[in-house]
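Before anything else, here is the set of structures, which you'll find just below.
Here subunit A shows up in two complexes: once beside subunit B, once beside subunit C.
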Partner chain A sequence: MTAKPSSYRFRRALFILGFTLPTFLLFSLITAYPMLRGLYISFFEWSGYSGSMSFIGLDNYKRLLKDNIIGTAIYNDYFLVFWKVVLILAIATFLAVALTRMNLKRTGLFRVVLFFPNLISVVVIGVLWRYIYNPSDIGFLNAFLSLFAGDPVKTVWLGQENTAMWSILAPAVWAGIGFYMILLMAAIMNIPESFYEAAGIDGASRWHQFKHITIPLIWEQMKVSIIHIVITTLNGSFIIIFLMTEGGPDNSTQVMGSYLYQIGFQQYHMGYASAIGALILILTLVTSLILNRLLKRETIQM
Partner chain B sequence: MKTWRNRNKSVFVALILALTFSLLAACSGADTEQPANTGSNTGSANSDSGENNGGSGNSDEGLTGEFEIQYFVGGYGDTWWKHVISEFQKANPKLKITQTAGSQINEQMRPRWIQGTPPDFVYIDGAGSNEAQMVADAQLMDLTDFLKGATNADGKKLLDIAIGQPTDYGGKLYTMPLVFGSWGTFYDKAWFAENGWETPTDFESFMAVSEKIKASGVSPYIHTGVYPYYINGGLVNSAIVAENGGDASIISRMAALEEGVFKSEPVMKALGKIVQMRDAGLIDPGSIALNHTDSQMAFLQHKAAFIPNGLWLENEMSKDIPEGFEFDFVPSVMQDKGEKYVAIPYTASVAIAEKAKNPEAAKAFLQFIFTEKFAVDWAEMTGAIMNVKADLESSSAGPVVKSAMSYFNSDQLVVAPALIVNADVEQALQDGIIALLDSRITPEEWGDRLEEAAAKAR
Partner chain C sequence: MKLTKTESLVTWIVRLLVLVWTAAVVYPLLWTLLSSLKDNKQFYGNKPWALPELPLQWSNFAYVWTEYKFGGYFLNSVGVTFAATALAVLLSAMTAYVIARYPFRGSSLLYFVYVSAMMIPLILSLIPLFFLLDGIGLTNNLLGLILVYGAGALPFGIFVLVAFYKSLPKEMEEAASIDGSSEAGTFFRIMLPLSKPGLITVAIMNILTIWNEYILGTVIMNDPMKKIYTLPVGIAVMQGEMQYRTEWGPLFAGLVVSMIPIIILYALFQRQITGGITAGAVK
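Now for the complex of A and B:
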């Protein structure tokens, strides 16, 4: 087999180009360009409304270091990341196992019910949960707790420093479980039944089966889930914060995304907002790289 | 097998089609968000588009050239705008008027302001608009000399008939307030009468009646903690003016970020009164987590007696007002006995772009709309007050608006300028009051915060 005719090579190159070029162009246009443009703006003092921008070098980044609210925001972001990963994964895994391995009836119904929050718009979730937390007696949570306490409960869930972030965590977890549950269910259903049968004959308890068969075989999916939760939380918590508290009271529930919005669109410092954007990008990258390293386990083939 | 494969293929094609259509639908959805260019152009534009001389036409033919108006459409609707623009068109048949309007207009027009091709005339209102920022960005034309001499069609000076004066930006005027409203303390008149609670006329009577309300098991005072500018407008700022002996110039000094003004005696005394209210337990502790819908619903359901709000409140909640509820308002409750009421206004202004292509037409339009006739039209079409001293008694405006107008015309009331400050200082004002109400900081710490924010913004 000597050299193929050049028309073949050309066609092959054309074929590859035909797939890669449009993708590359789209990527450049809608991902790379805005990102680089954002980085570029972060070196300027710009209101976002003015025709003129002035170059100020690293001043926006220096300001990040001195800004107390940035500290609060990073802390709140990682608070949400940590608890969302722990709670969503624990609950989603439990439910996935329960719905696949425990011979329950009506699993279809449960699946739909538990997946339902994923189908509701976040805006609706925000409004719904604001009602739950309402401090007066319209609020479901306080009304419910009042049934057990002697006096009417009047906790201001979203207004106190020690309860606000936990109160925001609850809907975030509630709305997140369904998707990861489905993901893990699919993984569990891929495990051949014979593994469990063999383990059962060998006398392994359900807990041992879960620990030594299920977990190792769905580890890849769990890893993906963790990284996905981390990335979406660092980038997307903005929405739930804005719907629930707008970062208040007195900036105590601010996350990086909501603070970016406030600085850029309410206080008119687009340059500084872009610097916050760069910070989010860097922290997301570093966190997912570290997690990837930490979660590395030998992939177990079936 | 073959039929199965064919069916598979057709399913695939159907999917592709569905995707394409959903994309198209998304695009067309975006199209409807585009600025509505509903130019009411009456035909004559073609004939003289060549001889556009900047629009300084004589009185017979009116203005010529092109003229673009940007206005935000929100709670006040666009009826009034369409009405005045069509009147202006009738007066100037050769002018080609373009209206650029909508609820998202500030975001949609932002690129044009950045690129330096803004519309000629702009009504600054709604999300994404900020008058002080536009001035800081040198987007607006200096109207100092023009406004001082400008008269309307009735020959009256614009500044004489205005209720609220334009904001002073270091001795210069860039804007003219079009909408004039007042913050204040609202209550249900009927409910108060039923319980024998008196309408407060000063701080002393306010505290007394609040204690009485509290004793009956109702929260005396609720506010919108998620948006602290409600309590700033309805309570704090009027307290500051009252503590300054009713001299409203302190508001201008705050807006100008004068050094030390946020730690001055009147401000500290005003915050002292707020602390007094807070420590007496008169402010509903749940307020801090409430947005405007939550707090206003609680107010309408008689969970609280007073609420700081703006004159739009009755209109905004019109669908939810319970039977027998009778809105009334006091401009301020923080003045000492025998002192005058203080009205803290909120305004939405009109202005002319620094880079306007047809400034003559824009100035003419500004003079054209500031008449008593159009002010009555405004009150009837929007339920709000235009910034012109007009007689509304015979108009079909609502009772709260009429009651407000009678306060404005009374000599027992000081009308302060609207507090329009740098956005960073505004944020600090909002964060600060919440921190103070939540006992996280003292009035002195409030002063430190504000002085620091002001120093940075100066």
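Now for the complex of A and C:
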């Protein structure tokens, strides 16, 4: 090997710098800086446009502990996390198995069609489902239920506390399944057919095959799916809340993200809003770490 | 293999359930399309599932396009999506190429930073990002939105393309460097064309995300006088106005307008989209 002259090393360093620096600058400015700045602001009292920011230490965090709405918001976040994980995973696994292992016809077409809701903007989903839940005569759900009930049904699905969160859960599940179905289908199709053939010769029923071949061999992807659902729900479910109920009625459907938005962009308490943001970050990291632990143990047991 | 009686019964139940779910997925979308062809009278007089009466109200589309300025929002969406995707694909390909083929001190740390950014909640940075952009005149400005969407798409692109460049054979670059081609020249003339499948996957996933994005759009393009909106922001604003003027047909026409390009894209690139899901979820 010949020694590399210094001009060559210089040229290579220039190449590496030129190829990575623009990306790094854009990332630092738009992604990293605002995130760190958000953590920083959480120690201040600041109304936004006015220049005066006063350092108040941990006061914003102490306020979190005393704020009842934060309790509701955390509860609602985990309500969505829990039910989305259970329902999305159950339905997506069912569909994935049905479309790969049950000798159905036209599975390709079903796969394409069932992914549709994942392609649609959350705004479209919000408008569509708000119309479905519309409490007046024009709402789809009430008109449908009225066919079976004696009197016209006038339920205000998104406007009363005992139905609002469940009404938000439905579109969140509806729009989430296709993605995980595709993921699990790919995993199932990677399982060698010979595994199933051997089990079939041994007389194992389909349920048995599902339990002892399919599930263990797609567990890795199911784990990825669970963690993915948890992270995207904690980080993003505020958007559908914001579009469908804006956290109402009486803050009963508030999640941490929608509450942050309200405190920051509508009430101009930027410091307190940023403390809520820090809370979201911490809860997301802690929850996914704990889940990683828990789910790993389960794999070893199998 | 012969199925037992219970197993064939199970098969029928499974088929039925798949069909039920398919109906639950397709019907709301089909119904959106049908509703976009109704006038207000039909919304209030008929059952929600009634078919639109003739003549079909195609005028709803023209109405929402001009009266609600969806034509402008559509162009904004197209421009922002296209520019931000191009920016993100180019920048993430260049960085991914260096990380995969020319590792340097700190390059794995850099990779780790980019990839873990995918886990950070966006809302934490929303307030500082708004004030940052507002301070340099990039709110209510399409360039601001392009930079934000482009930056947001970098981690996913770097993640997928690093894996892609690592999988390409090394001989290509060696041959090129013997020919005296510079590293940058090799990248643009040989590696970039070779990585087309990976680039297309990344581009399509970015387009889908950016086209549908709402929350950054509504925060950054917040001026109700200027109305420099993207389609999702425009739809949300229109829905808000429904309290004062109920025009259901045009509202659903607006939804259809925003969905059509996505469905065309899906029809053309269905394979890449499914590939993109499996590539992106293995993090």
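Rule of thumb we're sticking to: the second predicted complex is superposed on the first by the 264 of 302 C-alpha atoms of A that agree within 3 Å, B and C clash if a C-alpha of one lies under 4 Å from a C-alpha of the other, contacts with A are read in each partner's own complex, and residues count from 1 in each chain.
The definition used in the following text is that a residue touches a chain if its C-beta (ideal position, glycine included) is under 8 Å from a C-beta of that chain, and two chains touch if they have at least 3 such contacts.
Just so you know, these numbers come straight off a predicted model, no measurement behind them.
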Query raised in the report: Putting subunit B and subunit C onto subunit A via the overlay, clash or fit?
Result: clash
Query raised in the report: Is A:31 touching the first partner subunit B, the second partner subunit C, both, or neither of them?
Result: second
Report task. Pick one for A:158: touches subunit B only (first), subunit C only (second), both, or neither. Result -> first
Query raised in the report: In the superposed arrangement, does A:130 touch subunit B (first), subunit C (second), both or neither?
Result: both
Requested in this report: Kindly classify A:51 by the partners it touches after superposition: subunit B alone (first), subunit C alone (second), both, or neither?
Outcome: first
Requested in this report: Name the chain, either subunit B or subunit C, that contacts more residues of subunit A.
Outcome: C
Requested in this report: Once the structures are superposed on A, label A:267 by its partner contacts, choosing first (subunit B), second (subunit C), both or neither.
Outcome: first
Query raised in the report: Where does A:245 make contact in the superposed view: on subunit B (first), on subunit C (second), on both, or on neither?
Result: first
Report task. Kindly classify A:286 by the partners it touches after superposition: subunit B alone (first), subunit C alone (second), both, or neither? Result -> neither
Requested in this report: Classify the contacts of A:90 with the two partner chains as first (subunit B alone), second (subunit C alone), both, or neither.
Outcome: neither
Report summary line: Clashing with subunit C: of 25-33, 151-159, 169-177 or 331-339, the subunit B stretch 25-33
Query - Touching both subunit C and subunit B, counted on subunit A across the two superposed complexes - result: 48, 130, 138, 265
Query raised in the report: Which positions of subunit A touch subunit B when the two form their complex?
Result: 47-51, 130, 133-136, 138, 154, 156-159, 245-246, 248-251, 262, 265-269
Report summary line: Within their complex, subunit C touches subunit A through residues 1, 7, 10-11, 14-15, 17-18, 21-22, 24-26, 28-29, 31-32, 43-44, 47-49, 91-92, 94-95, 97-99, 102, 104, 110, 113-114, 117, 119-129, 131-132, 147-148, 150-152, 154, 158, 182-184, 187, 208, 211-215, 219, 231-233, 235-236, 239, 248, 251, 255, 258-259, 262-263, 266, 270, 273-274, 277-278, 281-283
Report task. Name, in rising order, each residue of subunit A that touches subunit C in their complex. Result -> 11-12, 15-16, 18-20, 22-24, 26-27, 29-35, 37-39, 41, 48, 91, 94-95, 98-99, 102-104, 110, 112-117, 119-124, 126-128, 130-132, 137-140, 143-144, 174, 178-179, 182-183, 186, 200, 205-206, 221, 224-225, 228, 231, 234-236, 238-239, 242-243, 257, 260-261, 264-265, 270, 273-274, 277-278, 280-281, 284-285, 288
Query raised in the report: Given the complex with subunit A, which residues does subunit B contribute to the contact?
Result: 110, 113-116, 128, 130, 133-134, 136-139, 225-228, 285-286, 288-291, 294, 297-298, 303, 423-424, 427, 431-432, 434-435, 438, 440
